[in-house]
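Chains: A, B and C, in written order; residue numbering restarts at 1 for each.
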Amino acid sequence: MLAIEALTKRFGGVVAVDSVSFGVNAGEVVGLIGPNGAGKTTVLNLVTGFSRPSAGKVLFNGKEVTGTPPYALAKLGIVRTFQTTSLFSRMTVLENIRIGTHLRAGRRKSQAIGAILEEMSLAKFRDFAANSLPYGVQRRLEIAVALAADPKLLLLDEPAAGMNPEETHRLIEDLKLIIKKNITIILVEHNMRFVAQVCQRIVVLHRGRKIAEGVPGEVLELPQVIEIYLGKRRYA
Amino acid sequence: MQLLLQSIVNGFVDGFGYVLMAVGLTLVFGIGRVINFAHGELYTLGAFLAVLFIGHQFPYFSTVFIAPILVGLLGIVIERFIIRRVKKPGLSIWAPFLATLALLVILQSLYLIIFGPDPQIVENPYAYDSINMGFLTITGQDLIVSILFFVVVFCLTWFIRKTRYGMAMRAVSQDRDTSLLMGIDIDTIYTLTWFLGVFLAALAGVLVTPKSTVDPYIGRMPLLKGLSIVIVGGLGSVEGAVVTGICLGLIESLASIYISPSFKDGWGYLLVILVLLFRPRGLLGRTVRRG
Amino acid sequence: MGQRKRVDIAILCCLTLITFAIPWAVKSSFYIHILIMSAINAVLAIGLNLCMGFIGEKSLGHAAFYGIGAYTTAVLSVHFGLSGPLNLLAALFVTLVCALIIGIPSLRLRGPYFAIVTLGFVLILQLLVLNGGAFTGGPMGLPGIKRLTLPNILTGRPFTLSTDIQYYYAAVMCFWLAMIVSIVSINSRVGRAWLAIRENLDLAESVGISAFRYKLVAFLMGAGLAGLAGALYTHYTAFVSPRIVDTWVNVLLAAMVIVGGEGTLLGPVVGAVVLTALPEALRFAEGYRMLLFGVILLIVIMFAPQGIVGLAADLAKRRRRG
């Protein structure tokens, strides 16, 4: 579904992303991991149009979409969430989701809003202002807004950041729901346990370069991967 | 040929004045993150003070130093009591910008009330002494402006590069939070920046007075040209302001001879629009745009 | 329907009644003139509010569209003899085209850059107008503009607006047009997109809202309204001069929006009325008027940035809670 070829991003003298290539098939859940500064969020920004690549290509279902702005990608079905909590803070939960459905037409809009409120268990927070919600609920709302835009490919930027085990468990349930809707997911994450549980395949970045790719069980055992996370436990 | 040389010289002199305005603006923006729309009115104040002092038989050279210092003190007052108050996080980021706009109105109306709308003239003994080199005429005032320009630029550069306060200013312009963490007293730096910026504007005003009349509205053009220069040269870049300011002076001078005398003031805006369309970062600046 | 909506509708109804009934109560032509100018300024402020308050881009060039509308009408009237609805439409058209030309490159720029570029366009326009010779009347302006002639829908015969009261009603119609445009767009999908862009631009983009396109829409709408206001003004005063495109007018308009309360529906209206009527009523010398104006603006910015309407809304909210 998504193919990234030799994607590169330079900021002045620094090469944040160095000729990274990988692909994602429809229906997969792929994790993009690596230590801080590895370039994960930059890759995300490049794919979702928030940053222009210095070189390389991004292909979506065979069509080149390199450098397409975010709103156009959303129309194609590519939607993302952000690393730091990003909501329409002064608006209510309902209004947030409604804006998410901006691209949908007429009656399908209200149906979608209702459905998402139910599925994401946000119905009881319907008229609350987004910035009055507890952290875990805010993160859930972010995903709800992204879902409202009817994505085919969803890119999540550190969705589990700052979550306690209960919230993380809830997040995994939400992800399972999303998978059931046939939405492809790319996940940028730090939390190894989370990634190992949820992703079918992972791509490891270090200092802007891809250093490994494959099934979590195998990749996380590779010496070069363990080395960049010196000090972390092995995950079976 | 003579015309060309003369207009080049005039262009440079005008450019020096523009640079003084622009550097003040760019310092206040680069360090204080505020676009001071009242900058032109402080230029006007410098000019009016010059009119007052010289009208009361003050020597010209003292005026050139004292008037800008006085206006600079006003700059400190503005920074401490108005700008600082509207920079609070609760208010919109536009508040300082709008506040300076309000200041523009207040100051200009005060000048109207106090000095009246009629143009006033300053008697300056040097304005008409000119060195006539046969193919070139340089007035005494031009020389004064040029010499002072170089002195100011030299001092400013030395100050920013070699003194502790200067380095602190550079630090704050690059990264405010880190500067705070390193123990730099940001408030003092802001105040100092405003003093310097306003001082330069008033100096430009004083230097211009002998060559032309003074009325409450003279600040408008210098402000707009200063803004144009700062944008083209890069918001926050002193070198950019210097280079662009001089270039603008030259362009205006040459264009009014060879292209059109009545569009003289428009070149600055045209330049701004062109640069912003094709190179939004300005020639030497470092701020980024987003659609 | 929420309580707030009911209050809003009540206010609008009262406003409708007031604006249409005023000529029965007020007969002095001096006050009618103030009211006409208030209405015209309200149209301008409403247009600017769409740009400033709703999408957050401070435009310092709004007066340019006012001037373009005014001058187009003037030129068509004086040089080509047009003075009917065609003239108004032409003014609108020219203004929109200019707004496209100015808006498309400028709206890609951020905050202060956008403000300064729009300012630059105003200045260039002013230079063009000043140097337009006989075509634009140069610095002395263009006199002798014909009065507005409109077709009478009932009898089919055209009638010419010539009394102040007639122009008052024309201005009121224009005002309500602006209000309707404003209300409809704010409550539509477009309006929600604007709010989204204002609250969180990146998030809005990520769900398919093109910030640039919606900003352009707001910009064009504001410009169109300003152009229309300019055309009406020209027919009313039968004269146009370069002072219309002065930077000062821009500051005045921005002040109306801010003092009234940007981002609100009634804010620009309140601001326009207050800042048009107050200086006239005070009848100070120009310097003192400006001073008062600047002081009010500064006080509002420093202590009540939500503007009059915003302040009122906050007080109402506090009373409801306590």
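The rule is short, and it goes like this: a residue touches a chain if its C-beta (ideal position, glycine included) is under 8 Å from a C-beta of that chain, and two chains touch if they have at least 3 such contacts.
None of the values given here were measured: they were computed from a predicted structure.
When chain centres are defined as mean Cα coordinates, B lies farthest from subunit A. Relative to the whole-protein C-alpha centroid, the nearest chain centroid is that of C. Chain centres here are Cα means. That of subunit B falls 33 Å from that of subunit C. Subunit A and subunit C, compared by their mean Cα positions, are separated by 44 Å.
Note: centroid distance subunit A to subunit B, computed from Cα atoms, is 48 Å.
Taken residue by residue, subunit B touches two or more other chains at 291, whereas all remaining positions touch fewer.
Residue positions of subunit A with contacts to 2 or more other chains are 69. Along subunit C, residues 211 each make contact with two or more other chains.
Listing the residues of subunit C that touch subunit B in their complex gives 58, 105-113, 115-117, 119-121, 123-124, 127, 130-131, 201, 211-212, 247, 251, 254-255, 258, 285-291, 293-295, 297-298, 301-302, 305. The touching residues of subunit A, counted against subunit C in their complex, run 48-50, 69-72, 74-75, 79-82, 86-91, 95, 98-100, 102-103, 145-146, 148-149. On the subunit C side of its complex with subunit A, the touching residues are 189, 192-193, 195-196, 199-200, 202-211. By the touch rule above, subunit B contacts subunit C in their complex via residues 35, 82, 85-86, 91-95, 97-99, 101-110, 112-113, 220, 224, 227-228, 231, 235, 262-263, 265-266, 269-270, 272-273, 276-277, 280, 289-291.
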